[in-house]
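Heads up, the next two complexes both have subunit A, just with different partners, subunit B and then subunit C.
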Partner chain A sequence: MDKVLTQTKFDVLRTKLSPTIFPISDNSISKAEALLEHTDFPTRKIEAWKYTNVNGLNKLLLDGKSSALTKPNSISKETSKKVHIINGKISKEHSDLAGIKTSWNELPSICEEDSFDALNLLYCTAAIELTFKDGENKTIELIFENTRDTAIFPRIFISCKESAKGTVILNFQGAEKNASFINVSTFVDVEENAHLSIHKIQKNGSETFDLQREYVNQAANSVFAINTFPLSGRMTRNDLRINVNGSNCETFMNGAYTLKGKSHCDNHTTVDHKVAHCYSKELYKGVIDDRATNVFNGKVFVRKDAQKINAFQSNANILLSETGSVNSKPELEIYADDVKCSHGSTTGQLDDEAIFYLRSRGLSEKSAKELLVKAFLGEVLEEVDNEDVRSYVEEEIEKHFST
Partner chain B sequence: MGQYTENELAKDLENQDYKFGFVTDVETETIPVGLNEDIIRLISTKKEEPSWLLDYRLNAYRAWLKMTEPEWAHIKYEKPDFDKITYYAAPKQAKKYESWDDVDPEMKETMAKLGISLEEQKRLTGVAVDFVMDSVSVATSFKSKLKELGIIFCSFSEAVQEHPELVRAHMGTIIPHTDNFYAALNAAVFTDGSFCYIPKGVRCPMELSTYFRINAGGTGQFERTLVIADEGSYVSYLEGCTAPQRDENQLHAAVVELKALKDAEIKYSTVQNWYPGDKNGVGGVFNFVTKRGLCETNAKISWTQVETGSAVTWKYPSCVLKGDHSVGEFYSVAVTNNFQQADTGTKMIHLGKNTKSTIISKGISAGDSHNSYRGLVQIHKNAKNSRNFSQCDSLLMTDHCGAHTFPYIECKNPSAQIEHEATTSKIGEDQLFYCKQRGISEEKAISLIVNGYCKEVLNQLPMEFAVEAQKLLAISLEGSVG
Partner chain C sequence: MIEIKNVHANIEGKEILKGLTLTVNSGEVHAIMGPNGAGKSTLASILAGREEFEITEGSVTFEGEDLLELDTEERAHAGLFLAFQYPVEIPGVSNVNFLRTAINEIRDARGEAPISAKDFMALVREKSKIVELDSKLASRAVNEGFSGGEKKRNEIFQMAMLNPKLAVLDETDSGLDIDALRIVAKGVNSLKSADNASIVITHYQRLLDYIVPDYVHVLYDGKIVKTGNKDLALELEEKGYDWIKEETQVG
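Presenting the complex of A and B:
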């Protein structure tokens, strides 16, 4: 049989999806289709997917079976805008949509050659634009509640205007046994002198596949921070690409993950320092238990002439079980000489002596371990400036060990 | 240094015990250009090899045909045309220069700086003097001593003839002929190399070096080294030449296999200084080498390398820590200047319990060069209590060179401890200022600082090697102050 005629893995997946209701230009459609045509899912032979196998995606039935979400909790307690996206679609009755763009004459086209982004465009279920203007300093929380086994394709545009300050909470909550396919593309624009923080919580159902991409552009004198917390889910993959286009920028990337069961978590981050005088700091820490797998790939690019860059990158893992595995790949690619760049990666276990110390003071082995893990992840949580997010994640970590 | 004329040379020759005379054209026969099964058969016949070796070559060749050249390394080069290479050339000690005066003055100067004796310089440049004479006696005296201890140290072809059982049992067991593109190519067409066997419980009394083994002086582009250290033995092996041999060969695809049996230790040191191409990046050697060692219980393999030459280097000396309590070490200094590119590092595969590995890699980039560290630390399920420490530092000398780090860390055992750290920076202005303030010229100061920076690795080298390596570093970085 002619090989071209066989169904590719993307073709199989697409038979279960219904096309977007949002208008897309013919040009964008053909661009996206070209990326999906005759294409299979990325295999281990592709460097960026060396440790992550997404073939299980096609085992998802996506039949709409529902299971109740115990507590569709919003994280931010303070007065903030909240938008509820229930099973991929914006719930207008539960959301405060003033000043948030949700209807489109035409969806912007894909910006990078990525098959999953092309899929996101063609099957987009919700397109949301958040804009932060100077003097507002507001917090917007997007709450994604997944109660049905379905595929959701949110496309999020975040624009932080000149000198504005803003906080976005992306809160993904899935029912316990939920088996959805979440595919999110987020486009972030941080203008001059702006300050934007994004907090992302991924508390998905145990069978959910969550593939997300963030494309960030930073202009001069801006600050951008992103905190990622993959807490549960069958598979979580985050591709974070930050272009630092202006000088005097600061970029912070933090992540904490607690994995157990069969979950697989993959964080890919890229910071591209294109101009001089910038600072970036990355810290990802996590604990891996049961048969879970963690992948970390951090890339720091320092382009030619981007002098006086200080870039730090760190990844630390604690492996708690015989069956778990950790893959870490911190990379530096540097083309300028007057820079200070460093990275570190460690993998190990809890310190026996520390456990002994705590036990000798009357703590049970379990609580001693819990305390040490909390302290270990605490370093990441200290970097989180939003009180609500921090206490929520702390609570979740506690719950993680009590169940 | 005084001029050394042809007359003086002739006088010298007269005074020496002259055995073999000038190298004549007898041995310089070559075979047709290109690669196919007939060529491989021809090589095998010429070397009078047993049929199993020919089969091995042919299998490798057939596997190679199905492979594609690896492209993942962070290097750019024009791929060699494998049909335009002559796969069997007679040893290279054919005379290149009619007299010492014809030798490139730049090269003479370099060698003088390295402190190489005049005789040695002539040997290295291939001036029409038979270099064999001087060292032959040295070599033979060493050889008899080694023989007493039962140590076998000979060329690969010799080993195939004289110890076929050893070669057959171990060759290709660590790097199979299907391992990678260049290893397969090497397995198909290798012409010679070194073979070394240390018997049980023997501690080799001297550093074994290809320098002493005369017939290895001109081994071709595809050399193969096999070192076997039997139970409880120790050997320190030196590879490479420390002087800038102007080798015009475009492609070097060597294979080095080390096997350290129970309680054995192998120390393998390399100083690689092939022709790096000229200042504009024209010419130079492509160095695509596969090196791997296997450690049985309690064994230790230590790789030390100083890489200053070659236009393109693609080299990952690795340790498979199969036995419990085995130890792998990797110490590397890689210097790139002008348009050189190096993608080098190591793989530490922890299979056994309580295995330990240390990686110290120092990269120095100057000019328009690119220097990458690429390493893998893999802890397998059963590798309980394994330990790894990696440190990869890069030093940038100019604003148009590049330094990159690609470490892969894979861990499947919860009792393992892995640490990796890397830094990239340039030479501190304050350090330079301090030296200059005390009357040390900028160039000398840089050489001083770079040597200090590499000390950790250079300390691992055998004494004479370390001295030469230090000088080599200074030469490689000459004029690279940016």
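Presenting the complex of A and C:
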């Protein structure tokens, strides 16, 4: 009997995508294809996708329709290196590419069983490798300017070599109504004694779907910090997976999000403490207005012999409307017995008494709320050591309230 | 300055104010005293514009305007100030930052230009001295981790910064030790002028040793039942409120 072949959701999506121009080995192709074959988009039956439905991806036309981006904001000061990726492709004329790898004999294969990573590999639009060496201490900003409704599939490799210090700004800027599919895989290697900070801004167009994954490996005595700012977009999903493989590491994860309209944001983070004597701290805070929805899932694993781990995790949300919603799930899995770990999650409204107090001093209701929200998110921004990023995000929070 | 006429106010269907009438003119200090549950804090709340209270009858005219038609912030713009009985802690919002926003919104509502940073800081220095408020407290988060006395001094500091026409002090003396009480009273006295006025709501006579009122009113069962000068406060301190209750019931 003939097997009935039906078209899967990935099949439908793939008809709108152009295969990558980068060379991939046959082995990598078959690994990626195997993950996509007979596969539909993840459904709510899968725990990691319980509250995030990506079916809307197939409603995107990805027809290249353009809309102007008023200001392709570069965030960092002029001392940094800047690379412009316009509608998914590196713009050589606008970029300082010295020391940055952008051409490949063969793209590295997928590292985990993730169908969106497989898709990213097969349809990669830009592959960039950033390397930080000891004694350089540079800042590199990748500016993704999205003015066309298209598929933007960057594959980013960041390598912070032994004893090096580096800062990466991943700055996604979309035109106001942009309806793109952004799908990013970022692979990060922090070597011994290295110190790497990543700041990620997701200021996407109102119809854009942005699915990103970061796979991070930390070696002994290293410090890794990642600050994530989903500021706009139809749907934003971040999967951050950090393996702490060496002892005496420090890991910092901060996030601040401002959601309104019908946008949906989902931050999934995992820190895996495999060895002893490490510290990790996570703080995600956000405000949710209108019919927007937010998901947070933070996992901390402390493996069997990973003693003397200090791991702290916190997620706090403020609902500014009656129709917004939050699903927050902090998880700790501890297999060692001499550790100090905490996690917590809160969701509430702004304090009416505080609003009344501020109004009684002459502040309008709007400024009172704005002041309270800024104070609420300020706790996250205090953790951001990069002046440029901090002031950019502060401005965006202000703009969020004035529009 | 303010004319409160026959005000009736409910909360959750329960009538608290039952025909309160009070007129305060510029340059005057009025004390409102009364037993627990008489409606003292309700009076402060309806003047500041708390929405939980429903005003079923009566009127309040402030500087010729219908006060009850104004939103809370519009009342502040018009020159009304309430010193809270329980000042709110607001983590993350700095005292001076919020005061600058408040001053500028008030100035904006009055069609004035924003205050310059230099003038503002000079004002902070000048006014924090009045209540002996450490300049460090002035720049910390609003009331966060302040002691009871510091919170009340911060209320008077804010009052000094905003320079209202009418200040309503809602049990500002509650929870204060004698030194804090003296400082708070000194602050209020030094802000007194011929152009402004205060309504001092208090349960005890003690505060009135320091802030000498022109009039003392006894609020009982939602109405002002007796008015006198500062001697009335002393009489209340000596005899308690029972004789007022009896007098009212007989009357």
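The rule is short, and it goes like this: the second predicted complex is superposed on the first by the 398 of 403 C-alpha atoms of A that agree within 3 Å, B and C clash if a C-alpha of one lies under 4 Å from a C-alpha of the other, contacts with A are read in each partner's own complex, and residues count from 1 in each chain.
Criterion: a residue touches a chain if its C-beta (ideal position, glycine included) is under 8 Å from a C-beta of that chain, and two chains touch if they have at least 3 such contacts.
Small disclaimer: the values here were computed from a predicted structure and weren't measured.
S.K.: So if we stack both complexes on subunit A, do subunit B and subunit C clash, or do they fit?
M.R.: Once both complexes are aligned on subunit A, subunit B and subunit C fit side by side.
S.K.: Identify the partner contact of A:359: answer first if only subunit B is touched, second if only subunit C is, both if each is, neither if none is.
M.R.: second
S.K.: If you stack the two complexes on chain A, which partner ends up touching A:351: first (subunit B), second (subunit C), both, or neither?
M.R.: Touch status of A:351: second partner only.
S.K.: According to the contact criterion defined above, which of subunit B and subunit C contacts more residues of subunit A?
M.R.: Touching more residues of subunit A than the other partner does is B.
S.K.: Once the shared chain is lined up, is A:317 touching subunit B (first), subunit C (second), both, or neither of them?
M.R.: first
S.K.: Tell me the contact category for A:330 with respect to subunit B and subunit C: first, second, both or neither.
M.R.: It touches subunit B, and subunit C stays clear.
S.K.: Taking the superposition on A as described, I'd like to know which of subunit B and subunit C A:44 touches: first, second, both or neither.
M.R.: neither
S.K.: Is A:308 in contact with subunit B, with subunit C, with both, or with neither (first, second, both, neither)?
M.R.: Neither partner.
S.K.: Output check: A:378 vs subunit B and subunit C. Expected answer is one of first, second, both, neither. What do you get?
M.R.: Second partner only, subunit C.
S.K.: What is the minimum C-alpha distance, in Å, between subunit B and subunit C after the two complexes are superposed on chain A?
M.R.: 16
S.K.: Let me check the overlay on chain A: which residues of subunit A are in contact with subunit B and also with subunit C?
M.R.: none
S.K.: Quick check: in the complex, which residue numbers of subunit B touch subunit A?
M.R.: Listed in rising order, the residues are 72, 74, 379, 381, 394, 396-426, 482.
S.K.: What part of subunit A is in contact with subunit B in the complex they form?
M.R.: Subunit A reaches subunit B through residues 47, 51, 304-305, 307, 317, 319-322, 324-349.
S.K.: Under the stated contact criterion, what part of subunit C meets subunit A in this complex?
M.R.: Residue list for subunit C touching subunit A: 48-50, 71-73, 75-77, 81-82, 84, 87-88, 90-93, 97-99, 101-103, 105-106, 109, 141-142, 158, 162.
S.K.: So in the complex, the part of subunit A that touches subunit C is made up of which residues?
M.R.: 351, 353-354, 356-365, 367, 371-372, 374-376, 378-379
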